[in-house]
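Look at the two complexes coming up: subunit A is in both, with subunit B in one and subunit C in the other.
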Partner chain A sequence: MVDVSQHELVPEHVVLDEDELQDVLDEYDIDRTDLPKIKRTDPALPDEAEMGNVVKIIRESRTTDTAVVYRLVVD
Partner chain B sequence: MTEFDVSADVEAVVEDTELPEELKAEVYRSVEERDASVEQADEIARAVEHRYLDTRVDALDPVGTVSAQSIGEPGTQLTMNTFHYAGVAEIDVTQGLPRLIELVDARKTPDTPTMTVHLDDEYAADREKAHEVVWKIEATKILALGDISTNVADMRVHIDLNPDTLQERWPTVDSVDEIAGEVAGIIEDSLGVKTVQQGTNVEFGPEEPSYRDLLQLVEELRDVTFKGIEEVSRVVIRKEETEDGEEFVLYTEGSAFGDVLSIEGVDASRTTCNNIHEIHSELGIEAAREIIIEETKTTLEEQGLDDVNVRHLMLVADIMTNRGEIESIGRHGISGSKESVLARAAFEVTVNHLLDAAIHGEVDDLNGVTENVIVGKPIKLGTGDVNLKMGSTSRSSQAD
Partner chain C sequence: MASSQTPKEIGEIDFGLMDPEEYRDMSATKIITADTYDDDGFPIDMGLMDPRLGVIDPGLECKTCGQHSGSCNGHFGHIELAAPVIHVGFTKLIRRLLRGTCRECARLCLTEDERDEFRGQLDQTRKLGRDLNDVTKAAIRQARKKDRCPFCGEGQFDIQHEKPTTYYEVQQVLTSEYSQRIAAAMQPDDDDDEPMGREALANETGIELSRVNQILSGEFRPRESDRKALEKALDIDLTEEDMNKLMPSDIRDWFEDIPDEDIEVLGISADKSRPEWMILTVLPVPPVTARPSITLDNGQRSEDDLTHKLVDIIRINQRFMENREAGAPQLIIEDLWELLQYHVTTFMDNEISGTPPARHRSGRPLKTLSQRLKGKEGRFRGSLSGKRVNFSARTVISPDPTLSLNEVGVPDRVATEMTQTMNVTERNLEDARRYVSNGPEGHPGANYVRRPDGRRLKVTEKNCEELAEKVEAGWEVNRHLIDGDIVVFNRQPSLHRMSIMAHEVVVMPYKTFRLNTVVCPPYNADFDGDEMNMHALQNEEARAEARVLMRVQEQILSPRMGENIIGAIQDHISGTYLLTHDNPHFNETQALDLLRATRIDELPEEAGTEDGRPYWTGRQLFSELLPDDLNLEFQSNTGDTVVIEDGQLLEGTIDEDGVGAFGGEVVDTLAKVYGETRARIFINEVATLAMRSIMHFGFSIGIDDETIPGAAQDRIDETIGDAYDRVQELIETYEAGELESLPGRTVDETLEMKIMQTLGKARDNAGDIAEEHFEDDNPAVVMANSGARGSMLNLTQMAGCVGQQAVRGTRINRGYEDRTLSHYKPDDLSAEAHGFVEHSYTGGLTPREFFFHAMGGREGLVDTAVRTSKSGYLQRRLINALSELETQYDGTVRDTSDTIVQFEFGEDGTSPTKVAYDDDHGIDVDQIADRVLEAEFESDDSKAEFLGDKARPTNLSEHGEARRNPDILSEVESDD
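Then we have the complex of A and B:
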């Protein structure tokens, strides 16, 4: 099998733990369902990610150094 | 802390601004280059910060509308018809407006699917090795391997394989007989006939003597893929300059991204294709977002419209990938799944939307732009979303 995370188009995906997630949600004053979504079957998702988890994605940005975004794992 | 040769004071001054990393680096670079004093550095940093804050999007700015116009206007200058791609070795690729439409419509397969296959070090340096990979990717049909003749009298199909071609396309197998055997095996498996192989000659025929079956077999034989990937009809090798020397890169007509990634010699970290759905299923939604930006950007750039700010394209890609799968911009995608009935009705097939909404008892909260325009309320954007009240500034002053 090909290691998807090694591809240059795929940014780093990290599963966020609940504390960090709470900080993020508080900062933006949103609900976790307001976040963009990522499918549970997404090949770039870390193995330990489960439904309802939030993954933190660290992109190399075109407009700034790195951009951090969050996606909620959905079915 | 920084990689630049600047004093601690300058660093403190620059770090004190609200600038993003990239602009800070730019400031450091200028300061270093001109050997500016701390006061000058401070002035520069303040000026840049001021300009940066000034050009940031204001709260309640309609960024979507701005993006739509910023892509739409240059879009009127795109070529309407496709033409041959002059840049990359004779591979025909859809360009201009049709390509842009294809991207935002999220078509299942592009008009001209193509892959850019990068190779691992040893394969990329050596033309022979690169060719090995080519034969693993390009679909080899029977016509490329030898001559077919039909003997109507004996009801037999006769194939005279070309030993040089066989050796060329199966470089890892030593004997031509063995390759011919392999070819005969593939024919047996895919056509369901018994073959007789003698050297590079292969013969077979229908079980029952039938003229129609014989012709049918020849027809089917032409479609059998003996080596490589069915979908890829052609592969072109190009030598390209890189930062450290030269490498061979393969361009394909037709794409099968998943299959190619696992082929030995293919650099699975750099190979891409122009089918956003294939990228999505192999590499995930984030890679799909990335390829949408990249493809829309190159489509515009190739037409000389490189002054479209990438942020607009990023917004389009963000919207298209927001739900974890690729959605098209249009009736079947974003516009069709809007929450508001009125907004959907205003877009296309008005009556159907209104009728369905009435049957299901839908409620419109009037949060979006379109629905508020329809009912004649101010839209909730810009000054429309701010309420101003006249009155005193504090209670304590009133008490006096």
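Then we have the complex of A and C:
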């Protein structure tokens, strides 16, 4: 099987720990369910990501170098 | 309903079913008679037009609320239905509940564990904002799997739903021919085998022999246990399906028994929606204001479709009751019940598949409740999202190059019809009086005035003089549109935000709206009969917003590509090309004439002298329009390099890539660097300069411009002849079976491709030959090179050869069997038999070529027609899906439930119109920053202060510094 997470077109996915998550939720003043979602089965997710976790996705952007997005892992 | 006029803020809206008791409570009267008016024309009490249901005739008082028509919204009545009927809107939910609940104890057929699981899933999906239906559907599916109720143990049957409103319970019952089946099964399959004896059967099933005999003679119906035993012993099926119809009253009884906590598992809130309320026992009667009757010219009354339908319902309802009281047979009762169900169904929705629509006497299907809401002309799309508006005008548009791009020419008869409200004060009193005294017909006049006491007076030709003297501060005057007013202008289809822009009014004679031609691209307008709409703004806030945000000059840059969408088009581009390409010379008179409609009233230093008279060059004149410090270098559409230094065009041709709409470099740079006002001035001036230049040189096109000498024609014929030969060779190799197929293609496809290639090359060669004979000053060539209109391909087709015609991407292969036209032999693969047009448009096509050309041409027309309708619908769906997304003040994009869609607008938080990006050069940010700072600060001191080079003088206390910066404080402390 090809590990897509190693592909150059797949951006970095990192699981957030609770403290970091709290910071994110405070920053945007939201519940975690208000975040965009990502499926647990998404091949880009790291293995340790579980349902209810929030992953941080760091993308390269033409205009801002990096664009950061958070997603809630759902089933 | 008492204070229905008070505006209230809506906190939240709950949707649910309605309790029949609530229908009765809110009802103003019970309706019992199907008649509307008596012989004297008065509404009948407890009839469908009962005066307590509201008033429609002006002047009358509502019997329920005492208000007059207009302020009384009307009141509901109700009909007590003789028997319950099913509400068509809930047939699916009714089916689901029937399938998921026990037929005996009416509990949901799910164990406690399963319930917990689904409750959890419901909470989860609710939190995630997903579709609850997925969970409830899964729950029903699970419950339906159960053969027996987990609570009472009763066996469950399948529910069949016959659309729209009939439900059957499918039961397995003992077939009536059980004895025959048993006897048949006892016979052996082979003739040789012994038949099974009755004793053997009795032994195997454990039924007494006498009973077996009785069963076989058909005297005794076996019990269920006996049946099972018999079926097992003989390996047969003794059952048949029995369809037991569930009457609405049965369903209602069933649903009444469903416990509250069971329906919560299905996502239904029991205190708002009890399932039995889906079966109607009371029918609300809409107020008369919702179904007004119309008095025709001949004095006859014509009733609304809804009223007709209600009449039907009441009639059947009464007949039902009479028949039941008279003890009519069950069959008749059931028929009437079905009829009542039909009328109530079509009262709510008259477009149900499988049911014939209820029709008017004339045969027209009735427009009932659901039809009023649905579709393009329905309440939502037709009356709420879009309605007809006042203060709007529509007429044909025509061009006027003397207008600024910010302006719109408004016909005087439109200007005198549309008004702006003017609050009279001491300062504008004189103006106001002048407008009023001009009356409603003189141009800057007025149509209405409003006195401080709120009374509105119409200004007429007769009273205007008199009224003008009475106008004082505090009055309001509705004056006509005058030059400089801001209006909103729109052309449909409004596909992007530049389809609606604000313009300043210029009142003009005649009947059309006038536009500067440079605003055609954003509106996608031309002047072949296009009409546009104008809206006069009615309050100061709207006018200010329009002026700041919507004015044409604010829309020069398109958010789609971040480049300008407004700029020179067509003749403007030919004009600048003629002016700058060969850099022609102009004497003083000519130069001044070219620049006469611009701000330039003094010519620059002359470029030189000719015959003792000074002359100016075209590039010099163009440079006059540029800012003095502009530096640019780019490739032009013509192919040369344009160099602009210090606002002087030194080299190159100004064409589409320079000043055109859709990314003209100079316009784009001006808009981004010098601001939209400077860009607007430039575009206006370029347009006029270009028009003056094209008129100076003269620009026309005729058939001779596309005709080539005979020798060249011969050469073209020769190339095409060569191509024909090569095609013939290909065909011969193919027929000899020697053609090698290209990878991934069949031999046939290879041949087609090669022929297409050869013919395509032939056309290009013909074009090249033709091109050699065109001078550079040929108008068609000028237009193609500058990008003004047309391409070299168009020229090729006019002068050289039209080339291969195609339908669906291949050569023309349709028509007769194995051939395109009867003029050719079957299976003729040659070029001319498959739509190759070897002649040019100027030379003329042969009839066969013409026919093939028409085939190709029609495909183009059909394609555009299909594309516009498809893309229109696509656009509608896309807009509906995205319409609720909003960029918040924190930069995130969220939907209405506050779910984040983007963490930063566009993931970079920038507007495409405010950003410049260049792959080759990059953006010199330092230079821009320096320029901005230079312009911003008057003295070096204030600049240094802003940059933090120099500390700002402060009057804060000395301790203030320490408090704000704890580091200093700790240092002081540690000193102790």
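By our rule, the second predicted complex is superposed on the first by the 75 of 75 C-alpha atoms of A that agree within 3 Å, B and C clash if a C-alpha of one lies under 4 Å from a C-alpha of the other, contacts with A are read in each partner's own complex, and residues count from 1 in each chain.
Here, a contact is a pair of C-beta atoms (placed from the backbone, for glycine too) under 8 Å apart; a residue touches a chain by one contact, two chains touch by 3 or more.
Quick caveat, the model's predicted, so the values are computed rather than measured.
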(request) With both structures superposed, pick whichever of subunit B and subunit C touches the larger number of subunit A residues. (result) B
(message) A:34 in the overlay: touching subunit B, subunit C, both, or neither? Say first, second, both or neither.
(response) second
(message) In the overlaid three-chain picture, which partner chain does A:70 touch, first (subunit B) or second (subunit C), both, or neither?
(response) second
(request) Report for A:59: first if it touches subunit B alone, second if subunit C alone, otherwise both or neither. (result) both
(request) Considering only the touch criterion stated at the top, classify A:18 as touching first (subunit B), second (subunit C), both, or neither. (result) neither
(request) Based on the superposed arrangement, let me know which partner A:43 touches: subunit B (first), subunit C (second), both, or neither? (result) first
(message) For A:6, using the defined touch cut-off, is the partner it touches subunit B, subunit C, both, or neither? Pick first, second, both or neither.
(response) first
(message) A:26 in the overlay: touching subunit B, subunit C, both, or neither? Say first, second, both or neither.
(response) neither
(message) Per the definitions at the top, what is the overlap between the subunit A residues touching subunit B and those touching subunit C?
(response) 36-37, 59, 62-64, 74
(request) Under the touch definition given earlier, write down the residues of subunit A that touch subunit C in their complex. (result) 28, 30-31, 33-37, 59, 61-64, 67-70, 74
(message) Under the stated contact criterion, what part of subunit C meets subunit A in this complex?
(response) 127-129, 890, 892, 894, 897-901, 903-904, 907-910, 915, 917
(request) Write out the stretch or stretches of subunit A touching subunit B in their complex. (result) 1-4, 6-11, 13, 36-39, 42-45, 57, 59, 62-66, 71, 74
(request) Going by the contact rule at the top, pick out the subunit B residues touching subunit A in the complex. (result) 20-22, 261-262, 268-270, 272, 279, 281-287, 290-291, 293, 310-311, 314, 318, 321-325
